[in-house]
Structures are given as C-alpha cells and as structure tokens.
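Look for subunit A in each of the two complexes below; its partner is subunit B in the first and subunit C in the second.
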Partner chain A sequence: MDSDLFTHQPASPLQETPDGPLAGKEILIQPDLSVQDWLTDSGCKALTGFHAVMDATTVTRLKAAGACLAGNTRMAELGLGINDNTMARALCAGHGHLGLVTDLLGEARMTACLAGCYGFKPSYGLVSRAGLVGLVPSMECTGFLAPTPEEITTALGVVAGPDEADYSMSPDPIPTITPTEISGHAPNRIGVPREIRQYLSTSAQNVFFAALEQAAQAGFDVQEIDLPGFDLFAAAHQVIASVEASSSCGKYDGVRYGFRTEDAQNWNEMYLQSRSQSFGCRIKSFLFQGAYFQFENYAAFENACALRQKLVNQLNHRFESIPLLALPTRLPHADPGRADTVEETYAAFGLTLPANLAGLPALCIPGMVCEGETDLGLQLMGPLMTDAQVLAAGQKIYTRIQGDGNK
Partner chain B sequence: MNPDINKYEAVIGLEIHVQLNTATKLFCDCPNQPGDAPNRNTCPVCLWLPGALPRLSAEAVEKAVLGCLAANCTIAEESAFDQKVYYYPDLPKGFQLSQHHKPLAVNGWIDIIGESGETRRLGIHHIHMEEDVAKLVHETEGRTPISLVDFNRAGAPLIEIVTEPDMKSPYEAMEFLKALRTRLRYTGCTECSMEQGTMRADANISLRPAGSDTLNTKVEVKNMNSIHHVGDAIAYEIRRQAECLERGEPVTLHTRLWDPDKRVTTPMREKFAGPCVPDPSVPAIRMDPAWLEKIRQRLPEMPSQKTDRFMADYGLPASEAFAMSQERDLAEFFEAAVKQNVIPRKAASWISGHLTPALKERGQTLADTCLTPERFADLLLLLDQEKINAVAAREVLIQILEKKDSPEKIVSLGGFEQVSDVEKLETIVDAILTEHPDDVADYQKGNSKVLGFFMGLAMKASQGKANPKRLKEILSKRLNSN
Partner chain C sequence: MDTICQDRTMCGHVGASHIGRQVVLAGWVDALRDHGEVLFIHLRDQSGIVQVIFSPEFTEKTVCEQAGHLRNEFCVRINGRVMERSPGTENPHISTGNVEVNASELKILNRSKTPPFPISEKSMLAGIPVRQDHNVTEDLRLQYRYLDLRRPSMQENLIKRHAIARTIRNFLDENGFIEVETPMLTRSTPEGARDYIVPSRHHPRTFYALPQSPQLFKQLLMVGGVERYYQIVRCFRDEDLRPNRQPEFTQLDLEAAFIDEEFIYRIFEELTTQMFAIGGIELPRPFARMTWTNAMNTAGSDRPDLRFDMTFMDVTDVFTDTNYAIFKQILDRGGCIKGINVKGQSGRLSKNILQNEYAKEIVPGFGARGMTWMRVTDAGLESNIVQFFSKKEQEEILRRFGAETNDVILMIADPSWHLVCTALGQLRLHLARRLDLIPGDVYKPLWVTDFPLFEAADTGVTSSHHPFTMPDKTDFDPKDTDELLSLKSRAYDLVVNGEELGGGSIRINDRDLQDKIFKALGLSQADVGEKFGFFLQALEYGAPPHGGMALGLDRVIAMILSARSIREVIAFPKNRSAFCPLTQAPAPVSREQLAELELLDIKGGEALPGAGRQKDLMASLSWVSRIGIEEAEREEIRTAVEQAKILAERVKQAALENGGKSAEPLFCVLPAANRFRAGKTAKVCQLSEGNDLLKNAPAVKGGYFKVASVLE
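Moving on to the complex of A and B:
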C-alpha cells in the first residue's frame, strides 16, 4: 500500500464477475464512508482504530452496480477542507476511475479543480447519508469526481434515490438518471451574479468571462443577474456548520470506540482528557465556535438559521427566471490546500459553500477558467433536485470543449 | 422550629417521564427491553457508531399520541426533535434527542377530586417525546474503580408530561399522578409503574404568601420511586422552604434528591444542562388529520367516563363505580360479568373484596390467570342458589384462577357443597352445646356474643360447609329452648 496516498487499499479489489453500469470501474473513497471492516477514521484521532461494522448505502449500491473499491485516500480531519487530501493525486496517478469526496464546504468540487477533472455535489437529500461519518449533517453530501460528466451521471444514477436507512430523504422514487436519459435536458440560460466581480481581480474576471463566452458558443444564453447578500452565505454557513459540528462530535468520547487517554484516574477525567486529545487545532477551534453559539450566543445561531432560510428563498426566487447560475469554483489568491485555520478555510471555499448552505446541485468544470497555472474552475449550480439538468449542461459544455479540441 | 405553614401556599408542578411499551426503541429496531442482559439490545444506531442515522419509530409516535390524547392534549400540527446537548457517558451521541422547541402536544388537563371533594382541573403545559439514556454502574469497590455502561435502555422511547404549576398540596400531586397513571394505562401504551421505573416523576416546588399569585423561585426534587414518596418529598420540601423563609433565607434555584431512608431532600450536584438545537436528521412530524382521527378512534373510554357510566347504568355507588374503573382489564371484566346476569353490585363487591386482593397477593394480573367472566358468573350463581356458602366460594375463586374446570366441577371434586340438611346441622350443634355447658349458661344470662362463638365452632366442625343461615336458625332455636 502506498501509505503516502492511502489509508487502506484492499489486496484484490476487483469483483470476480463485474456486472452493471459501473462494471470494472475502480472507485477511490475516503475513510469517512463506511466499508465493512475498513478503517473508517475520517482522518481524525478521535476515531483511532475504528473499523466500520457495515457498508454505507452508497458503497452497497456502487458494489451492486459492478464497481470495485480501490482504496481509501487520505483526507482532512473530519472532512473539513482539503488539507492533506490525497484524492486529487491518487486520481491523477491513475489509481481509480472515479473518486468520492464528502462535500460540506465544496471539498469535492475543489479537489476536482486540483485534479483537473469534473466534480459534482448532488442535491441534499438525493444521496443517502447512511454510513457517512460526516461532520455537518444538514450540509454535507457525497460528491463525485470523474474525467467526464457522463461518468459522474452514471455513478450518481447508481447511488441516488430513497434509502430507508436515511429518513431525512424523501421516500418518493426519483426519475432515472443515466447519460442517455438526461441528454437534451440542459437548460439554455445561465445567470452570472454581478456580485462575483468584487471577489475577482481584473485578470481573473477576464478568464472567467472568456469561459462564459465559450458557454455562450455552446448554445447558452448568458446574462448577468443580481444576487444581493452573496457575502452572507459564508457567515450563515460558518455559524450553523460549527454548531452542527459541535453537536455531531459529541459522540467522540472514547467510551465505545476510538481514542481513549491512558492516564486518567477516573471516568470523568478520562472523558475530558480523551476529548481534549482527540482533535487537531482547526477542528478544535471550529468546535469551540459551535459551542460558543450553542451555549453562549444562541440568538446568533437562530439569526443564522433565519438568514439561511432567507438566502435560500432568494436563490429560489432567482431560479424562477434563471435555471442555472455560474460562478468560479475557487478564488485565485486563496489556496484551499493550504488553508490551515477555520478563517482561511472559509475564505478559500467562499464560492462553493453557497451550494452546501442551500443544498443545491453544483458541478465544477475543469480547464476553462485558468489564470496562469491555476485552474479556478467553472461552477454551475441549479435549483434543488435539478441534478440531471446541471449534469446535462455540463455534458453539453464538455462536448463543445472536446469538439474544439478535436478541430 | 415549627414554621407557620399556613402563612404560605405551595405551588407545585410535575415533570413526569413515562416509558412507552413499544416493541422497538425510538430510533432503531432494537428490542425495547432494558432489563435484558447488559448491552444485548444494541445496534450501530443506539450505540451511535459513526455513520448511524436515527429512524423514528412509527409505533412510538402512535403510542405517544395515544398518551397525549388520554391526557386531553391538543396534538401539534408539526412537532420536531432537538438535540439537548450535554456530555456524559450515558449519552452516546453527546446529545439527547428530545422535543424542546416544537413538542408533540400542548394544553392538556387531568381532573382530580380535591381534598374538599370538589373537582379540580389540573393543567398540562405540554407533552413531548424523547429518548432514554444508558444506565451507568459505578463500581467503586475493589482496587481500581470502574464504570460500566449498559446501553439497553439508550434510545428507549419516553414521553415527558410537563404540568402547569397548578397543584397546591402533596395530596393533589399524588392524585394527579394516580389519575394520569390510570388514564395512560388505559391506552395500553405504557405500564406506568414508578416502582419499576417505567414512570418517573420530578416535582418543582415553590412557596408564596397564601392568597398571592406570584411565582417564586422553585426547587426541583428528584429520585422518588413511588407515588407516596412524591407526596412525602413534597411535604418535606414545603416544610423546609417555609423554615428557610421564616429564617429570612432566600430560596435558591437548585435540584434536590429525595432520600427515602432518611425521608429528607438533599441538594445534588447540578448536571450540566446544555442548549437545544434543532436536529437536522430526524424529519419533522407533520400530523395528518386523517391519521390522527384513526388514532383517536383507538382511544378507549377513559376511567372517569366509565365511573359515570357505571353509576348511571348499573346503579353502583360512586366509590364502587370508581373502584371498578381504575384498571381497564378489571373494568372490562366487571362489565362482562354483569352481561352474564350477575347483579352489578354483587360483581363489584366480589371483584374488589376478593378477586383484586387475591390477584395482588399472587402478584398477578387477570391476564396471568385463566379466570373468565363466564366462570366468575357461574361461581356467583352457585352462591346465589345456596349450593355453596361464601367461605367455599372464596376457596373456589382461588382455584378457578389457575384451573380451567367449571366452578361446579371444582365444587363437587372438592366437596364444597353447602350443608343445608337440618338433621346434620342439628347433630353438629347438639354436640357443641353439650361440650360447652358454661358458655350456654353465659348466653342464657344474656351474653348474646356467645352466639358468634358457637357459630364459629359449628362452622369449623362442618369444615366450613354449613349453610350459615340454617345453622344460625338451629343454634338460636336450641339455645332459646334450653
């Protein structure tokens, strides 16, 4: 096993008689998605030695579709941000055809951006969270990375849909998602929030709008729109996500599994010391922020929830006239791979996190918005549960780019 | 010091946890049997292993709604679970799923008969659902103290009934608990036993000058494991607070534990109480009116209605009608027996006088025995027809609790037939009178109590089978003619 890239690699990953839409596809995952008997430590000391007791629903469905799991790549502690995340490198080195990265701030899209592949965060509630260790239950979702939108569509079609282990999902059946089924469903209009300009240098604006020009040539009607309060997404996300993280990390107490301190004299000390030694700096400070809003400033948390609702309503209102929004994926000056503090992380993911706060499907297209060496990514975002349309739009652009390349 | 308690008026509210008797736990399919071997009834969900998600049990919601309806509550159109955050090893998630912001039901009430015989309607603020926590066992003896956690109880479904501060005395609090317990048991959704821990009551108590309507700082008292303890603890706490006030000490907000041995309350270390944030994983419960109506149809006639009906339909006096309606199984048994043409008052008196004590002594409920209303009616018919006397009937009653034979068969097999034959009875009486000439003389001097003494001896000599009416006639005749 290449332990630089992997935390787990099965000896013989291939299924004996692969059959199904993902037959023979090798899939890389992260150790926050449960695979029975695999180390599932979510990159966190709190989960030292924890091996999942059953497969996540997503894993079960991937296997049933003929896919094989090629291994667990390294991930940032509890999936917050992409520091130490080796998924992009493993994909680039050809260790797998597809990658799954939990997206709570934009991690899947950002990793795709670094790997030069397509990255997709599905609608909240489309993909089961059962078996996902997770950190921020109301915002996170398994994201997909692949060289083409078509492969993402196939994989999403396999894992999407109701799961009786996840009651937060709608029990209603969903329309079939396959590349053939969705082709031709691409919306024809793209809106670009005017507010985005203030985040971009002139040169970054130039490459971004040049990419939109290409989209226009692919047949999209591109227009600038207003999205007031765009800068508030990050604040609402941070307050709510930190509170949810603080709650969801309450289970890491060293009582039932995971890391437990050796030197405590009684259970109370054991409890306190285990928890204080279980987390790294960034997660600790994130949990402290959450605890602050929970215990000391609950009103701010309530405000953030109200703000979230308002921002979602506003977005939905925009979507009544514009079926797709376009944004860059990342900002030129903030390197998401080197964001060490909570503040730096939120700054680096400022353009991806709105989709998490609102639960929307968002696709990152590589290679179109390059400022020098840095691919800023073109991000398309659609209304809730329009995953097929967003992917169809990505497919349309992909075809156009390939066509250009082939000329 | 003996404080003048009458200067003050007690303001009492209760918080009552009731365990629902669902087949599974609240958020997973584990059996809801906390008493099994430790950690036998656990799964990734109730152990809250990473990746687990809660799945709300439909049966628990149904039973909780039934309980709320029995407490006259209005069911909320939408209720939702919150995370009550505190860190403790008995709480696998680091929070307890409970309904804080949007409880299942609000605005209920229970009627009780107050101390001066008036009806008192005591308000219920709300009822919410929540999950129980694990059981901790701290073993402090031995070289290294260890703490053990049993997760069987973790995730068991509870409802918490939070009353208005409407009660004024320990009596009212106890009557409230009894009436609530009776009504909840009627729904069949809970066993409601304080002794067995399926019902737990905490009391909030404060005092104010008699006649005032201010609400003063309250003290919470926990750890009472019977309704009597609740009454005792409240009475103690009222005295204690009155003494404080008399001394000019302010009452501070805190929690106390009832010590049943010393019969006092003592302050306890505060458990750190955290905030409640909405849970993102358990969907809100939206009440479908048609579904709610279906549940409402399942609500049985409540004990207070039964009491009224038993008085009206069967002419039972209030106390008997009340006694006949306190347990649903006995109430239904009573009515079934009456349908077999047993005189209602006779059925009631045999049920409360003989059947209930027999069951209590044997630690059984009706369902544990093979007694049917039909056979109970047959037994009372034999008594009516003077085929057996009351002494024998009591014995036969015990036997038909465990034997499926008809009362007639038991009577004939056991030789319980009443002896009404005059000659046989005369022989017994004559022998006794001959053996006790002094007592006969005593009677003839006017001590009529001796008659009872002779009755006892004669009954015994007949092995309890003598027809008491005949026996008394013969005895009186012989004594008066001598």
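Moving on to the complex of A and C:
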C-alpha cells in the first residue's frame, strides 16, 4: 500500500459487478465517504480507527454501476481545504481514473486544478450525503474529478437523484443525466463579473480573458456583468459554515467511536480532553468561531443567513438573463495546499466558495488559464439544478480544445 | 357573580347518596370521549374525577353544541343530575365509578391551550389500563409545573406532604415543643458547604448568607430559655450537583435543653413512626442501634442498609502466618482482611464475572487495589489464587464464613482499615442490587452512634460533624492529633434502608471546652472571635446542657411516598442542574441593579479593561463547545475569535437591504419540507441488531458503551 497517498487501499479494487455505465472504471475516494469496513476517519483524530459499518448511498450506486473502488486517499482534516490532500497526486500517478472529493469551499475544483483534470461540484441536493462524514451540511457536496466532462456526466448520472436516507434532498425524481441526454443543452451566453478584475494581477487578467476568448470561439457569447456584493460571499460562508461545523462536531464525544483520552476522571474531563486532543489547531479555531456565533452572538449567524438570501437573490437575478457565470477557480497568489489558518484557507478559496454558499453547480476546466506553471482553472457556474447545462457547456469547450489540439 | 360556583359539589365526593339529585360541579376537563351525538367527559377537581355525559336525550341542543367545543383542560362549571351507572358500565379506575352526571348546563369558565404533555391519569373505560408513567422529560414538566401539578399523583404527593407536616406539628406540640422562626438573612454558618450569598445595599460590598441550617440560632434559643424548639425550615447549600439534591431544601430542625440522647431517640422514634404511618408503612420499634465502628466493621458504611445480610467477617487473623505474598505484605504493614459470603450465588457469579468484572473493573473503582474471590464447590474452594492458601487457611475460611456449596466468598485486603471497610461496603451494595437481594417494602430504621469527633486533615484534624458537637470525654490534649482522632462524639444519625434521614448531637455548652475544640481545629483566637464571637459569648451566660437533631424532610417524604426523586414531593423544585425551568432562575440582573449594590467592579482595578472579559470569552467558548485548549494553540484560536467578531460586524452591515431591514434568513438553498416515511411499523436499523454499532467504540462493557462516571 502506498501509505503516503492512501489511508486505505484494498489488495484488489472493490468491484461488485462487471457491468454498468462505469464498468471497470477505477475510482478513488476520500476517507470521509463510508465504504463498509474501510477506515473512514475524515482525516481527523476525532475519528481515529473508525471503520464504516455500511456503504454510503453514493458508494452503493457507484458499485452497482460497475465501478471499481481503488482506495481512500489522504484528505485535509474533516475536509476543510486541501492541506495534505493526496487526491491530485494519486490521480496523476495513475492510481485511479475518477476521483470523488467532498466540496464545501471548492476542494473538488481546486484539486482538479492541481491534477490538471476536470472538476465538478454538483448542485446542492443532487447527490446524496448519506454516509458522508460531513462538516458543513448546508453547503457540502460530493464533487467529481475526471479527465473529461463526459466521464463526470456519466458518474454524476449514476449517483444523482433522491435518496430516502438523505432528508435534505428533494424527493422528486430528476431528469436522466447521461452524455447523450445532455449534449446540445449547452447555453450560449457566459457572464463575467466585472468585480473579478480587482482580484487578479494584470498578467492573470490577461490569461483569464484569453481563455474567455477561446470560449467565444467555441460559440459562446461572453459579456461582462455587474455582480454587486461579490466580496461578501466569503464572510457569509465563513459565519454559517463555522456554526454548522461547530454543531456537526458535537457528535465527536469519544463514546460511540473515535478517539478517547485515557486519563479522564469523569465525564466532563473525558469530553473536554478527548475533544481537545481530537482536533487540529486550524479546525479548532474554526469550531471556536462557530461557538462564538452560536453562543455569544447568534444575531451574527442570522445576519449571515439573511446575507446569504440577499446574495442568492442577486445571483438568481443575474441568471435570469445570463445562464452561465465564469470565474477563475484559483487566485494566483494564494496556495490552497498551504493554508495554515482558517483565514488563509478562506482567502485561498475566495473564488470557489460562492457556488457552495448558493448551492450552484460549478465546473472547473483545466489548462485554459495558466499563469506560468500555475493552472488557475476556468470555472463555469449555472443556476441551481442546471448541472446538465453546465456540463454540456464544459463538453462543448472540451471538444473545441481537443479540436485545437488535433489540428 | 357568574363565575363563582355556589353550592358546588366536589367531583370526587359524588356518590350513591347523590343519585337522582341535581349537582353543580366545577373543574377541568380531564379526558373526553366523543360518541357522535353523545359526549362523555371526565371532570376533575382537587378531590377527584367524575364522569359527565352530554346527550340530546337529556341535554339541550345548545348545551350539546357548546360541549362540542370542549377540549382537555378547559375550566368549566356543569350542572347536572347524578345517575347510577347501568350494570357493566362502571369504571373501577375512579372512586366515583358507579355514578355519572347527566349534564343540563355548561359554562366554559376558561379555555385552555393544548397542554404540552398529557395530564389525565385515569382511563375512561374499564379494562383499559390507567395511564402510568408517561415519557415526558422532567424539564418540560418543571417548565409547566402548574400543569404537572394538576395530575392526580402530584396532587396526592402534595396532600401527603401536608399531612406529614401536620403530623409533625401536632406531635411536637403535644410534647411541649414550640415552633420558632429564625432569620433567612444571616451570616455564614459552619456547615462546611458553600453559602448562597445576598448582597446588601445598605452596607455596600457586604453580604448576608442564606442559612445552611439554623444551628447557631437554635443553640442561642436554648441559651434564651426556649427549652423545646422546633422549626420546619428552609435551608440553603451551594454544593456540587447531585441527581437527588436541591440547592434549597426543607428540614425539621429540633433542639431541647436538659435532655440526653435517649430523649432524642424516644421523640424521633415516635415521630418518624407516625410520619411513615401516613404512607402506610409500619416502622419496627425500637429502632436498632449500632456504633459507627461496628457499622464500618460489618457493613463498611456509616449508613448501613440492614434490609439484607452479607455482613463482613474479619479474617485478618486467619492469615497471620500466610505464605501468600500479597496478604503477607499487607499484614506486615498493619493492614487487615475482611470478606463477605454471597450465599448460594455461584451460579450467577461465574469465574469470568468475578475476575474480569469485579476484580479488574468494579472493585478498583471503589478504591481497593484488588479483590480475592473464591467459589465454594463440593470439592472445596475454587479460585485463581487458592493454591497459595494452606489447607488450614482454606478450612478456616470455610468455617469462618459458614460456607456451603455454591457460596461465593469475596475478600478485600489493604493496609488501610478504612479502605477495606468502604470498598467492601460498596461491593456489598453493588452485589445486593445486582443479585436482587434487597427486599422491597421492608423498612429498617437504625441509629448510628459514637462517631469519631474528628477526621484527619492535611494538617491536623477537622470536625466530622460540626465544632459544637460534644465529645465523649473532655480531658483531652488539643495538640495530640492521635488522641484527638480517637475521640468519639455524642452524635447520632438516623438511617433507614441505607439512607441518612437526619442526624444531630448533644452540644457543647461550656465555653472552655468549646475553646479547646477550636484550638484542636487549629483556629486562631482572632478567627474564632470574628466568626463566632457572638455565640461564644452567649455560652458564658449559663447556657444549659442541650442537644438536638435535624431531619431532611424532602428525603423522608420521598421515602415515605416511594417517590422516584425528591423533586416529586416539592411543588416547585429546581432541576438536576439547580436551574428552575419555570422561572428561568438563576438569571442575570441589570447593570443598574449591580451598580446600586456597587458590585460592578467588585474586584477593584485589578484587571485591565476588557482583559478579564477576553479571558472569560475563551474559557466560556471552550466550555460550551467542550473543547479544551492547549497553550500552544491559544494565540491562534484567540486570533480566530477576534476575526469572528470582525466578521459578525461585517455581515451585520451587509445583511441590511436598501430599506434598512434584513432579508429573511436562508438556512438551506433547497426549500425545507415535511417528510413522512411510508408505512406505519417502526423501522429498526439492521445495524442495531448485531454488534455493529459497538464495534467502533473506544470502550464497551456488556453490550453498552462504557464511559467515565458523570461525577467523581
């Protein structure tokens, strides 16, 4: 086992059936998604030695579609950011064909940028979270990494749709998502928030707008638009996510599973000390922020939720006329893999987290916005539940790039 | 006036003598049964319940229509005619079950919202079980205590409590005691718990203390010539939380002059016998007596439970010449060995249970280093260490414990006599509960006497009860710790079924002796003068010999009524966290109130502005989220919390819409909807059937998650 890449790697990939749309595709997942008897510690000491007792819905569906589960790669503590995340390296080293990364700040898209592949965060509520360890329930989503949008579409089609075990999802059936179904559904207009210019250096602006020029050549009508409040997504996200994280982490009590300190005299000590040692400093800071909003300043949480409503309304208003928004995935100056504090983490994910706050589908396209060695990624976002359209647009651009390459 | 019910008959009193007569009833709708045109209700008042019927046969149409609006707990007045029930329709669940009332008039005196939990306890139909314990959280009951008190069982508890208090007052009155009230606003008394303190506005920055007991006042009453005093009095102790403890509690406090222990025993035996009789319990008299030493030596507790046997045998002498190294070492260090015989229980106490549960887990939890176990078989003793015992030792053990086949002998050895006794005492109780050896409905009162006057402390000694307790002899040297520890007190505890119901002592009435006690306790003259000067001075004016006792009334009543907790016999108790869900006490007070009391900056200018608050914030966040902070992390977390404050300010400004109002908060981007699972049968998670849910647990015992105890 390649233990610096994997927390669990089965002797031979786990395959249930040789047939199905994902037949033979080797899939890498992270240890926050339950596979029965696999170590599922979400990269956190709080879950030391926790082996899942059943498969996550997503895992069940992947298996039934013929996929091979090739292993668990290492992840950041509880999936906040991509520190120590080895998914990109494992994909590049050919350990798997597709990767699943939980996306709560933009982790899936950011990892795709590093791996040089396509990365997709589906609409909130399209993919079941049952069996996901989770940290921020109202924003997190299983994201997909693959060499082509087509493969992402196939995998999404397999796992998407209502799940009785996940009450946060809509119980209504969803339209079929397959590469054939969605082709031709690509919208033809892309809006670019004017506000993005102030986040990018001149050279980064140049490569970004050059990429949009390529998109225009692929048949998209690209125009700049206003998106007021663009700078507020991060603040709203952080207040809400920290509160949800603080609440989610309440379950790590060291009683039913996970780490427990040895030398506590009574319940309170056991709880305080086990949890003190369970979390790293970055997550702990995040949980303290959440506790501050929950217990000392609840109005701030409600304000953040009101702000979330306001920002979602503004986005929806834009989407009435513009079906797609484009942004880079990554900011050139911040290294998302080396964000040591909560503040640095939020700074590094500034361009991806709007999609999480608003629950939007977002696709990261590799290789089009490169500043020197760094791929900044081209991010396309559409309204809630327009995953097919966003993926179709990605497919259209992919075809165009491949065409160029083949010329 | 319309709402006053003239000539009202109490529901519970309606009976055969009323048949055919018109009655006026008033009360609450306990339960309803709607049979289309005919409506049956149970009407409840303090006296009980009676069934009322609204039927077109004898009730006017408008009244029937009005009755159709009745719901549980509506407050109503009803006029009607009492009828004998037809045979076969009697209700055995209520005392008025042979009659019913045909309603002719209805007045809704007040409507009720739907109660947060069911109040009715009486079934409307024979054959349908009476509602027992319902699954309502205690905090909800306490929050709506005024509804909880409507339940017949709670009414019964309050009425019985009243009857017990009345019995006390009558009995003590007959015996020449008078009830005298003592102050609630006083100064700290020497009971050893923390005081609840009350700031004084007239004397800023000074405090009254609420009494932990009226100890000094009742002794002053003796000096004051009130020879026989008692009081049913509220006491306050700010102690650590315990499930069955209240911050304020009621005690029967009693003191008498020119008396000795026998007087107290006689008075309290007679009194408690009468009190228990109210619960239909006959206490056996005379009450047994046991010295503290004897209690420790035979049951390992200063409040032994005498309902079952399994008392200790001392076997130290059996092992005087033993070859068993562990016992030898313990005896060389002056230790002792005691044991119990669990008669005929070897079938339920397997080797595995004895070794892995008791010897390894349970007994170490009682503080002992180990436990020796032996199962008695036809072939003799069976144990993991019996091979270390000589034949003679084995024979003597069998003889000493009167052992027969299937008995289990358990022994604890330790250099400390006290530890051997207490550990074995806890083991005795643990086994009795586990093996169900404690008979129900048996009451064993006991006087425990001759307590040690002092206990050893880090430096010198401390009082076992309080420093006003009379010692068994007065010619001791206050500097000789060993002699002090050998002194016995003239104190006594009343114990029933292993629970201490009360205690007291003969007091010191001699100033010189009292000084000597304070000296033995290592208290300086100045200290004593400041705390008890007023009291010591009173002893110099011909204080009579006196003594007394206090009985924890809530606890006694709970025992008499077999209540689950003392909260069941208190009208408005605090919950287990010493919080009142009804009034939300304790609660913050306004800055103005604090300013008036000059309590705003009671610490003076010690801390820099904001610094104290900052420290508190980190500690409070750490506590509410139950996450400890390592020193190395503190700065980063502090910075993060500071950033959170900035974020709070940012979202506050940004949340405002153009009109200055905030949008509706959005908690989830998908609309929330009620979801119902198909089917009606309970769904059982398949994981709960095997051991799957336990397999990730850090510690498991006997099919449960194992955790540290809630309290030390």
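Throughout what follows, the second predicted complex is superposed on the first by the 404 of 407 C-alpha atoms of A that agree within 3 Å, B and C clash if a C-alpha of one lies under 4 Å from a C-alpha of the other, contacts with A are read in each partner's own complex, and residues count from 1 in each chain.
Heads up, the rule we're going with is that a residue touches a chain if its C-beta (ideal position, glycine included) is under 8 Å from a C-beta of that chain, and two chains touch if they have at least 3 such contacts.
Please read all numbers here as calculations on a predicted model, not as lab measurements.
Peer 1: Can A:A306 be said to touch subunit B (first), subunit C (second), both, or neither?
Peer 2: second
Peer 1: On the A-aligned overlay, A:D84 touches which partner chain: subunit B = first, subunit C = second, or both, or neither?
Peer 2: It touches nothing on subunit B or subunit C.
Peer 1: Would you check which partner chain A:E213 touches, where first means subunit B only, second means subunit C only, and both and neither mean what they say?
Peer 2: Neither: A:E213 stays clear of subunit B and subunit C.
Peer 1: For A:S168, using the defined touch cut-off, is the partner it touches subunit B, subunit C, both, or neither? Pick first, second, both or neither.
Peer 2: So A:S168 meets both subunit B and subunit C here.
Peer 1: When both complexes are superposed, which of subunit B and subunit C contacts more residues belonging to subunit A?
Peer 2: Result: the larger residue contact count on subunit A belongs to C.
Peer 1: Once the shared chain is lined up, is A:D19 touching subunit B (first), subunit C (second), both, or neither of them?
Peer 2: Neither: A:D19 stays clear of subunit B and subunit C.
Peer 1: Scan A:D221 for contacts with subunit B and subunit C and give back first, second, both or neither.
Peer 2: Neither: A:D221 stays clear of subunit B and subunit C.
Peer 1: Which partner does A:G359 contact after superposing on A: first (subunit B), second (subunit C), both, neither?
Peer 2: Once the two structures are laid over each other on A, A:G359 reaches subunit C alone.
Peer 1: Which holds for A:Y298: it touches subunit B only (first), subunit C only (second), both, or neither?
Peer 2: The first partner, subunit B, only.
Peer 1: Given the touch rule stated above, what does A:H51 touch, subunit B (first), subunit C (second), both, or neither?
Peer 2: second
Peer 1: Starting from the residues of subunit A touching subunit B, keep only those that also touch subunit C in the other complex, and list them.
Peer 2: Looking at subunit A, the two contact sets intersect at 50, 53-54, 138, 164, 167-168, 246, 250, 255-257, 266-267, 271, 275, 294-295, 305.
Peer 1: Can you list the subunit A residues touching subunit B in their complex?
Peer 2: Subunit A residues touching subunit B: 34, 40, 42, 47, 50, 52-54, 56, 129-134, 137-138, 164-168, 243-244, 246-247, 249-253, 255-257, 266-267, 271, 275, 294-295, 298, 301, 305.
Peer 1: So in the complex, the part of subunit C that touches subunit A is made up of which residues?
Peer 2: Residues 617, 620-630, 632-633, 636-637, 639-641, 643-645, 647-648, 650-652, 654-655, 657, 662-670, 673, 675, 677, 687, 692-693, 695-699, 705, 707-712 of subunit C touch subunit A in their complex.
Peer 1: Okay, in this complex, where on subunit A does subunit C touch?
Peer 2: Subunit A reaches subunit C through residues 49-51, 53-54, 124-125, 138, 164, 167-171, 229, 232, 235-236, 238-239, 242, 246, 250, 254-260, 264-273, 275-277, 279, 281, 284-297, 299-300, 302-310, 312-313, 341-343, 358-359, 384.
Peer 1: Given the complex with subunit A, which residues does subunit B contribute to the contact?
Peer 2: Within the complex, subunit B touches subunit A at residues 44, 47-56, 83, 85, 87, 89, 91-95, 138, 145, 147, 149, 274-275, 277-278, 280-283.
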